[in-house]
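Below, each structure is written out as structure tokens.
One chain, chain A, links the two complexes that follow: it is found with chain B in the first and with chain C in the second.
Moving on to the complex of A and B:
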């Protein structure tokens, strides 16, 4: 019998090809980096050309401030990692609360999650800044609460709420057959959750969790508004120390953008990679 | 009140079950003796699966009584865990734990639930995997196995708990035709060894071969029941006749 060629443009009729281990694709090539750095240099040259008095070039000025700005950026990363850690631990607990069998626990966890998830991050940050005392008194001990610590707490609140939703979403996305199979093997609810459900959820939670971390990292600059000496605050101070030369604005802020981009872009690509990888396995 | 072998192992009396306004079971009764194999057949939506899911309390019932080895299941103080140690279940969709290998799937419950010794459990688990003819697949993940192989692992997983009765909920309905037989063969082995089995199935030939008793359900009631030869050759109720004429 002659094999018939099927002519169609319906996606469902096309042969299925499984997406198999494409591997991690960074997507950006080295020449992209040259373009980005080139843009920064160009913007600084542009600024230089506009200034009439002969001073040190913008680029030289920027290079001189770089160590300080990098220090500030590292502080941003510290804030992001700490806020993520706190937010993840508390948020995971809150997420488990949202699937609790106890109605009151469930409602409370749901309420907290919704409240913090639907509040602007900046407002939560101000909230933490001005409502938390400058030190915590525990008997004779006084634990100081510096601004940066308050900023971590403030930023961990929306992270907590988002992690809570990620956990709840992952648990409810598992087929109910998994619960039933574990129940019919006489697992307790706790055993079902910890041995069967949550281990499967980790894979599902990882990509959105990393996404959230990227967003948090970029949101750490909000702390500059409340006076924490992170990279944006230091950039502002450096510019002021240079006498507010307008031609320095573009190169300095480009540099800050570049730092965040170099840090966050690989995370975004890694997330895409994990999403693809887990989608194939499941 | 002690239970012994001369009484039914599972005794279902006048069971009613509704999902909201929809009444799925409208007074079902049946008895299963130790070592007996019964098959429940009937059109889709007639309440077959719901009925067997009530036996291990995955579904609760509104009215009636289900006794498993003399223990009442329709009881708010029921120890579900104790009940489920006695009643195994195999599902249509296998429901293996995808993050564990075949061997681990079989070993998990005896270790975690029955707190048995790990080495002992591993020995039994390997024997069970041999028994369901999957030697060499111990370290495969469910995703690497065919439907029929997964279903046989699921049977081994259920057997590892050494249940007194096993519920099979349309276990071949999701399988490719060519793998149905390997699963049916495994169930037949169990039946021949004297395991008490309650099957919901669409495999009429198989039901005829292994069942001691056939129950035909339609719209929430048992319309007719009897030993397979009587049932298939001399069905009396018009609804049974119509159903059989459509599928045989």
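Moving on to the complex of A and C:
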């Protein structure tokens, strides 16, 4: 007689499995970096071979301009850090405003958040560039507002709105038991927020916040469109100074891409690590 | 924990917000410049050899040299502010730069916005760089064809409206040249002086400057509207440049063949 126990075609009898594809567990290792760099060198050699003229090779040209481009990249990082700092401070306040007990504060915070969160970053940047004066006059004093500062302000607006949503989301995602427990211990609302709720929120907010930072860093090149001397602007000017040789376009822009990748990839990995570490269910 | 984070963020924001110095504003731009000790000049940073960057990041070229002359005359330091065609007049209007020497063609409508100084310091015309195989003979041959250009250049409008070409405007010359080589456009409309240099470049064999140069128009350097003193001073400076042959000298220094305009002006004021 055949053994038939536990054999069934009924789906309800089968063990539950999540209907998602398995994650692709690929990690970049240091030697992969060498491969990428090697590829870039190879592509620039290729460009050189195609140009078949006696000019300095693309790679040599790139190396000559590297210090300037790196300076430009550092400027991008300064813009990203400052915009993130301003956006986080204002955004956190806005996020707390969204859960305020005062209806008007709540509506105002909600409106500001929605407005800036759903506007294109470049458009906000243009607004900051062309609506802000080049200097602020306070009586007889004039405080200059250089382009990079305007770019920081322009980019901090969408960051602010996104942080606001991250804060609001984190606070509302906490189990209500936390509020009840705090109330039973006679904590005021402010104490509850400050001592019980927000410390737990930091964990939840950190991964999306870092994600936002990565996105912001990559968005700083938008500032080149409005004339800030950051890495993209300088790349364009370097290419022009080399007489607009088309075979230089690929190596120069690859270099810029590589800079951003090298900076943002570890942030992405770290975010994944933190997400795993803070996950409630593993 | 929260306190620490808040403190750190506030510190960073404060640092960013206050890395700006305050200074006192005044009336006449010459007095302003002398008081500040710096002349801010708007120059191109992507237009070889009139204004471009060297690998150290410094802006060099014919126009920065001219700007340096002005600063020397005022006895102040010079600061080069990189501008592009689309923002140079705004920068001057806003007072972000005191003087603009940025390959700008002298046009009547521009004279309403900024104060362009006579006599003109330079001149160039418009032409196209195109592969010889297309055999363009006149501007009308460009009708309905894609033509690369630079954003903010005045001749885009004329090439587009009068001759019916479809302008594809790029941010920089490198991108435009690449697009031309890749065949995205049949020609690149640009200043004739730059195109002549390209046709002599061995990398651009098979390309020509086939059309008659149009709009041979003078370039004007400009100051803010209403700055009469500075305007008059710049008029004298330009006359002096032509008289002494400074422009011709700079052309030779930066590897440009002496242009008929510069030679004629030198003869006129000598």
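The working rule: the second predicted complex is superposed on the first by the 253 of 282 C-alpha atoms of A that agree within 3 Å, B and C clash if a C-alpha of one lies under 4 Å from a C-alpha of the other, contacts with A are read in each partner's own complex, and residues count from 1 in each chain.
Note that a residue touches a chain if its C-beta (ideal position, glycine included) is under 8 Å from a C-beta of that chain, and two chains touch if they have at least 3 such contacts.
Predicted model, so just to flag it, every value in this text is computed and none were measured.
K.L.:
Here chain A is shared; do chain B and chain C fit on it together or clash?
P.N.:
fit
K.L.:
Could you tell me if A:264 is touching chain B, chain C, both of them or neither one (first, second, both, neither)?
P.N.:
neither
K.L.:
Output check: A:140 vs chain B and chain C. Expected answer is one of first, second, both, neither. What do you get?
P.N.:
Second partner only.
K.L.:
Considering only touches as defined above, state whether A:99 meets chain B (first), chain C (second), both or neither.
P.N.:
neither
K.L.:
Which chain, chain B or chain C, ends up touching more residues of chain A in the combined arrangement?
P.N.:
For chain A, the partner with the higher number of touched residues is C.
K.L.:
A:248 contacts which: chain B (first), chain C (second), both, neither?
P.N.:
Touch status of A:248: second partner only.
K.L.:
Taking the superposition on A as described, I'd like to know which of chain B and chain C A:199 touches: first, second, both or neither.
P.N.:
The answer is both, since A:199 touches chain B and chain C.
K.L.:
Quick one: is A:64 in contact with chain B, with chain C, with both, or with neither? Answer first, second, both or neither.
P.N.:
A:64: touches chain C, not chain B.
K.L.:
What does the superposition give for the shortest Cα distance from chain B to chain C, in Å?
P.N.:
When the complexes share the chain A frame, the smallest chain B-chain C C-alpha distance is 11 Å.
K.L.:
Identify the overlap between the chain B-contacting and the chain C-contacting residues of chain A.
P.N.:
In chain A, residues 199 are touched by chain B and also by chain C.
K.L.:
Provide the residue numbers of chain B that touch chain A in the complex, in ascending order.
P.N.:
Listed in rising order, the residues are 56, 58, 80-82, 84-85, 87-89, 91, 93, 95-99, 108-109, 112-113, 143, 154, 157-158, 161.
K.L.:
So in the complex, which bits of chain C are touching chain A?
P.N.:
Per the stated touch rule, the residues are 1-2, 5-6, 9-10, 12-13, 16-17, 20-25, 45-48, 52-57, 82-84, 87, 94-96, 171-178, 181-182, 201-203.
K.L.:
Which chain A residues qualify as touching chain B in the complex?
P.N.:
175, 177-178, 180-188, 191, 195-196, 199-200, 281-282
K.L.:
What does chain A use to touch chain C in their complex?
P.N.:
So the residues of chain A in touch with chain C come to 51, 53, 55, 64-65, 67-68, 71, 81-82, 85-86, 88-89, 133-135, 137, 140-146, 149, 152, 194, 198-199, 202, 227, 229, 233-234, 236-246, 248-249.
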